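Read from first to last, the chains carry the letters A, B, C, D, E and F; within each, the first residue is number 1.
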């Protein structure tokens, strides 16, 4: 299995995209494939990462969120597994392990989040994320009430739903285009010594 | 059923968003609810509409597409119906009727695209869009071959998939947040006299 | 898409069927396609419309019903959408708009009845109709209790179930045979000026 | 589990219904429960049995069918099992055994028609019936071609679809109302000595 | 439909297997096909029947069970029907009729266990068995609580789950290999005179 | 999430089971939880591991198999993921990595085997395993033909089906009982230095 679309060379990218890609490479030690795979369409790339950052790095848009970094990656990993998206499960599972400092949690939520070693609050969060992922038309006021009972407010619920919705887009793009996760992701965060 | 989140007043919006909203209002005669409903989070609003325009108005990003305006709206209406998203079926169904100059086609693809009065090329396009919508993990090389046989190239296929993926995001946001379509959409494009 | 079976000429129909067809034409201004499409088998036609009238025009068989005309058409439109039957969604959606005097309600229940502007009593009615439509084997006493709580009695429940069951038959006949809705239906009841 | 609606006394039935019920009792040795359960609404009873006879006893309406009596009951038993309708599987399974003179075939098609001891022509017939039963919106021209290849003509295909559709109605009525099969049906046709 | 694998001759079997097969033949009057069909692989045969006996004949391993013989066969028949396994529904349905002394119960649970003439305790048992059969990943503590409320203890729950799981294996082996039930099973236990 | 049943102490186990457990501990460096979790019922334990070894260690029963050790573990990991069984995906994914000497393959087949870096022959093997896992009633002769085309003979097909069926049992036992994978499994085989 290899990608169905040619990947652009980093040197051919527009300057703003190249700069962001080099910044990521500097930080992570490698360029996650999604950065290059989507760059063949610069306008879509810019919108994708602007949306990504608005949801996943809320402080970058001057917003605080009731979800922790680990919560957000847990939503991504769990719903991406429901969509059978190899790229997102592996890449975001890696980041989830690091943020939660739990080497086992990503595999747990990917296979069956009901058996994962997570808090009841996170379980409620994932129940809602899975409903938005799989049956968004059936969301009811009772779903909001269940989240309120765990201390989530309506902005937190928007975050859960929007992260799920955004990565539903990402999952479909990765799966249809044959995007493969970088080998580096598979091992990240699995031992105390392995860092992002 | 009413929206679950307060809608911002147009006068409280950031200038760039207000300008775009007023431009749409000028053109359409009303402000489609999605423009206000998402504006409560400006950064997400900007990313959403940048992504939207990159896919749905490709000339705005200096790109040509093998899909017609009508093709694109047909993908949105059909896959939004599969996701049971009231807002997108009604709003984009209206635009589809206008672009295709077919007053009946939106209801047809929304209920059962297999019975719609569309071309075999459009039927193949929708078969693929529905696979990306519902079973993106099962996309195979044979799906690409089937589209090539109808004259679609790989950029067209990217367009079909990306439009489907983006509106999958939109569908989930609209459904979870209780976004309702403006009454104006229901009647648009249904008679020769009714225009957008 | 056109019908898979030849449609009989109105002048070749048996007298009783011809009389009924002409009566409908007189009243509606056109002959709904189902009247001609099924007439190629007169015995089945007679049984179909006898059954239809016993459920949908209860006063024609000397019976009163706790369901209003609008309730009945709402059941038909909603469950026909679940069965993806183009003919019934379009034709009965038109009648629903007229009876309920709500130009938007048919599109709402067809796409997602959970988001429709209907009463809690109608919502409960549709929840039950959808269960009979999709999972009739799972109907339990608790479903009856939920309807009783909204004021439906056991005869009303029979009506909901029987209308759902009858149009499940109708949906399958229309879909398999390629029956297409008359263009007139699409616009009926959408404006104050458009009448049945 | 008992029926959810009171069953009328045979002596209280309208004369035409009573006559038919007594005729069936005379022939079968008992009154199948469906005859009494539906009789609480005479108009619906008359339409139901008129429809039933038009499809299942085509000679009663002056029509010949390319389907044998056994073929018809096989469609009913198989699709009623897919709908999990206890009454119809047991009652029509009994008649199927008798018509096909195969004591085992009803249980076979009810559990898994793909393993049943039936002809390839019957297998194609059931494949189509199951598609009409479960996914009627997906019926395509290719389904007609597959049946033509086994010698079915378009009238036979109408018969297969209409029988499936009619018993889909019957299945839903029986399941929702708690109609139970008469004990007599369970054993009928299972041995050479046991007759209808 | 016939078996996809050659059936070994009883005289070619290893002595321990031959002895068990002859013992069954002596008791039942015939050799159930599963005994010969699996015997082509003696090691798997021995493990299969050791597992079978540990669950279905607990006294053979010095264990008592809170489930009756009839309870156990009811679980097998119901879940095997959900898996559409012809062999197990017919063979174990026969034994169920005999143990429960209810000639009708096997057909009832196979078609729709919700309509079967069984106790509320058995209904709860089957609800759990069906969840283990179809959605084992969703089993929750609440499912255990529901069974405790009907008097089942944790060992009984293990029995329900393990019997379901074991026959899920058996169902898949029978279906993939084309194993057919012996004709004798179809009639067993249907009348007071027919014995195992 | 912790196991729902008490785990026996290794010193309380019957001698034959204790010996086997100690042997595994010696070889692997730890006792995989399944060995203790099932040991609370010795007769079931013995049957389970006898079945396991007959399928997964065919040379232990004097049989050769056309499937490699890696093929067998790939079937287990893929179908266990379809059943959302945390224990089996993690434990057998580890062994799969080791046997195939591919640190990435287990995560790939668990999330979406269609995207995994495997041979076309293995892809065909997994297509069949997934059909046996999810729709065993639909297995057809054409499925056998597809496997023959990749060089599998009927004994290999039996192996694929039986391994799938056996681990379907294992998956259900692990999920219902809350069996958790040992932490050691998560990291095994992920780097050249990590061994089983």
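In this section, a residue touches a chain if its C-beta (ideal position, glycine included) is under 8 Å from a C-beta of that chain, and two chains touch if they have at least 3 such contacts.
The structure displayed is predicted, hence computed values, not measured ones.
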{"item": "Co-neighbours of chain C and chain B - touch as defined", "value": "A, D"}
{"item": "Distance-maximising chain from chain A - centres being C-alpha averages", "value": "D"}
{"item": "Reference interface B-C: repeating pair among C-E, D-E or D-F with over half of contacts shared", "value": "D-E"}
{"item": "Farthest chain relative to chain B (centres taken as mean CA coordinates)", "value": "E"}
{"item": "Centre-to-centre distance between chain D and chain A (centres being mean Cα positions), rounded to whole Å", "value": "52"}
{"item": "Distance from the mean Cα position of chain E to that of chain A, given in whole angstrom", "value": "45"}
{"item": "Chain A and chain B, separation of their C-alpha mean positions in angstrom", "value": "24"}
{"item": "Touching two or more other chains - residue numbers and ranges from chain A", "value": "84-85, 112, 114-115, 137, 175"}
{"item": "Which chain pairs touch, all of them", "value": "A-B, A-C, A-E, A-F, B-C, B-D, B-F, C-D, C-E, D-E, D-F, E-F"}
{"item": "Chain C residues within the chain A interface of the complex", "value": "112, 114-115"}
{"item": "Sites on chain F touched by chain A in the complex", "value": "1, 81, 84-86, 89-90, 103-104, 107-108, 110-112, 114-117, 175, 178, 180, 183, 186-187, 190-191"}
{"item": "Chain B residues within the chain F interface of the complex", "value": "137-138, 140"}
{"item": "Contact set on chain F toward chain E in their complex", "value": "4-5, 41-44, 46-48, 50-51, 53-55, 61, 63, 83-85, 132-133, 136-137, 139, 141, 144, 154, 158, 161-162, 164-166, 168-173, 175-177"}
